[in-house]
């Protein structure tokens, strides 16, 4: 099957910032993203879990597949939102089917 | 530790098609897969969220680690299911422990 | 944006072992990890789903971004926990923003 | 006719309708109010179990009367038949292509169990009895409309109206059908005694749970309407209000023909008038992936559902009283 | 003995049993009916809290009678001891290896709180009183069986029967034990007054929640049985039915010896006869990962649980009435 | 003053407080007991809906009395004002920097609806009536404190006290505010008749649900305290106990000034004394990301919440009775 190069950007960010991040991504021209739940974790700011939480707490994982040439724009947009906050941004090389979609 | 080359295939597909996809993967000789939840997303067909949904709606993420030489077969099988539907297929290079399992 | 090489380790492990794994990772010097839910899957030990489960069953996915030079230590620590159990360990090359965090 | 206005006003300020309105408002105002998916699914399981059980227990108490078979047949005819009317209307009234029109038509042939429940509670509050087996009629009406719609697409020669045996099984053994029919059977088997045992769970708090469930429906409908802005033109909205009226009229005729009493006729009208938004959308994603979900979801949940809930039910009741006479 | 058949028939057409059967049917028919994990866990928390609280309140009302200590000791003996019997039986009757046999044995020494609850509700419907502290006996019986099973594996020299202090703490402070004992303590402290305050939550709707919970158990058991087809041979099924009978017999002897009344003896029998399917499986995955979960889960949830629920409970009651005399 | 001790003792052995204690114990003992997130959220939705509805229905029954406006204004003054007092106290008493101090201050200006609910149920059990519209006062007190805190940070010149229109909308249309106010409106519109329809859902089982919810709060508070060990020094704990006393005193003055009756004054004290742990933390993560959540969460949920729940409420009631006279 014909595959096309792409970048897979994964942003683990605090839940209250989710809509700010996706708005920024959309503004930066991202055509799609997928939001995946996170049930717990640990980092410099300590350990946490979703168990029994009532408010909009914890983190979510926003995953975005994009054409390699758009990576820098996306990262700048994401970084502007993530920068003052806790959260992790990582990028992996990927290949996608149906590249016309990205 | 000894690592072995593998491909990590991630298929984001509509929930009502989940069992059709996993059946197709199994028929294509895949020995294992992991299904991860998706809580929302956005794409050409608009934005969606799982919140408050009652039916079998939204998407799920089927992740599959396989030997590189089996990639093409898997993709063909997956594509046959995904093709007429919305959904995203991506592949990344990976390495696995205990390769005898794949 | 300046990116730094890293390894993304993903460990799918049985839920009752989650805290043993994260303890081992922490002891091995890992500074952070993210736990993601898994809703079902299939492998040599059969098919399973989280639906309707009451006990601590099924699997979870522990994801860890680390500096490449720490990979081997992490894998040894993880393997010691995973070895007698079902579960899958995979590693992908990644790049991270804000490398000082890892 | 003052009766109708009173009834409608009364209906409009019930906690149930207002909860739906609150959800709608929350979504429109872009509040982050939301009900977790698991809780929403849990409530729908509760409602299906309760409504099925009560229907079965009532059949066990009043016996299966001669009209049961007639009512079930009427339901089947409606579910198979309404999609053809809806399809024709959509092709004439709106610019929808064959596939989208067929997908929408499937929803209107099938039913909305929450609308059914809301109608039952309006009837109860008016002291109008209903046949317990109307729950079974609701269950048989869920699926046939899907077959009609797929046939309409296949006849048009377009590819993709894919119905295979796996899909057929999925549709017939859909979780909500199994639960509704299963709870009905349990209710019928254990009867009044069984009902007495679990009434504090399935009867007394029922209306309150329904409020929270409708809050959720309001949130989802409101968010759907916002997403679909621009897509939903005047003609489509007109269809979403006219179609339930047409359905209700046919439902009234068949319900009366089947020999149902006043309450039963109203429920038959409500079943015919209501559109599915749970089982059919999932089937459409499998069988008619080219059809646009924003259209059929918005029409059934965003237009027809609130219309039936607020104005439709009192209207159908008033019409039935006029035509059939008060019980 | 007509008594027994009547009782069994009565039990079989209760909403509780039929809900379990509905779940079993839904799974077997491959319906997509399912209860969200969060809702299932929520219901189990509700049931543990309610049963614990009611037990504690009843102890506070009737006082701690002299047999409490004896009953707790009897429970400990059963939980420690039954695994040895089960292990021996499995090694003789079936081809299971030492590890699998020990893992299964651990489940049968421990208890199923849902079976306990179902038995309580059968006793209640027969007007038979039970000692409130039997809830505490249930709690102490959860864990010891695990220790016996691990000892059996360790004695066999096979590696991997790993019991460390972390695991011991996990087992003893397992969520269900803490909740059951904690709710018992709250019930005992706040007594009848506390119970009156929250009875509309933990007493009146209890049976209805139990129905939905058993629907879920039926779904899980049915899906487990389907997965395990081929694995579960005749000998294993025979064990899954014979073992509860043996357990119940020993439970009856120890219960009578401890001086329990009729209801208490039946509950002791049910505790001895039932097998864990929540706490013990998780412990086994940690301590005995080589043991095959399909075997122990299918036996305890797919064979012994439905057997106890349908035939076992009436049988144990009839046997206890025969041996001890009505009340 | 025996009255006070009796009241406190009575309060301490209520199922509600003991459920909180059980959660605290479970977390401290590192048990894996936990309530699924979806269930916890579902319970909080239930509680907000029920308390809002009951408040509205009570307003509809007793009429809007002249003090309503005064009470709302008093609430606004408290919510805007308390953060300044809290901020000053924190800067003097503790080593917190400006941002952390402002973030903590925002929590104490806002309110804890569960503390409010617990106080209502203590008042009820003492036969002391309260004004239904105190629910509306609670709602208006949620947000203003956030604005004061952000102003305090901005005035200090530190960057990052970011308040934009998006955040403002989020805070005002926060899910819990919309639900509380919306349910209040529904209760006010449908009145006693609406309440009667859904009372078996929102009134009778209410206290039981509250127990499970407080079990969850106990678990979260306990785990938070464990995480924050070392961080929470004596001065901070002292603040977490002194601040509610100060808040309650001001609340008493303003409540009496507004002309509230005894129950209303106590609720006003409780609102002033309690600290938010749901809405404000989320807003702080957006607006003041540099502030350490471990500090403000531990103080509000780990120190002030249990203090109010156990000793605070009886103390405020006793003080109000002393100052205002029994009703």
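Labels for the chains are A, B, C, D, E and F, by order of writing; each one numbers its residues from 1.
Simple rule for what comes next: contacts are C-beta pairs under 8 Å (C-beta built on N, C-alpha and C of every residue); 3 or more make two chains touch, one makes a residue touch a chain.
Since we're looking at a predicted model, the values are computed, not measured.
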### Query
So which chains are sitting against subunit A and subunit C at once?
B
### Message
Among the chains here, which has the CA centroid at the largest distance from subunit D's centroid?
### Response
C
### Message
Report the chain whose CA-based centre is farthest from the CA-based centre of subunit E.
### Response
A
### Query
Is the number of contacting C-beta pairs greater for D-E or for B-D?
D-E
### Rounded Å distance, subunit C centre to subunit E centre (Cα mean)
34
### Message
Can you compute the centre-to-centre distance for subunit A and subunit D, using the mean CA position of each chain? Integer Å is fine.
### Response
39
### Inter-chain centre distance, subunit B versus subunit C - centres from mean C-alpha coordinates, in Å
19
### Task
List, in ascending order, every residue of subunit B touching at least 2 other chains.
36-37, 49, 56, 92-93
### In subunit E, residues with contacts to at least two other chains
32, 34-39, 41-42, 200, 205
### Query
If you go through all the chains, which pairs of them touch?
A-B, A-C, A-F, B-C, B-D, C-E, D-E, D-F, E-F
### Summary
Listed in rising order, subunit B residues that touch subunit C in their complex are 1, 3, 6, 8, 22, 26, 31-37, 60, 65, 92-98, 101
### Query
Residues of subunit B touching subunit D in their complex?
14-17, 20, 45-47, 49-57, 84-86
### Task
State the interface residues of subunit B toward subunit A in the complex, per the touch definition above.
12, 36-44, 49, 59, 61, 72, 75-76, 79, 82, 88-93
### Summary
Note: in the complex, subunit D contacts subunit F through residues 13-15, 18-19, 22, 25-26, 29-39, 42, 200, 204-209, 211-212, 215
### Task
Would you mind writing out the residues of subunit E in touch with subunit F in their complex?
36-39, 41-42, 45-46, 49, 53, 169-170, 173-176, 178-179, 182-183, 185-186, 189-190, 194, 197-198, 200-202, 205
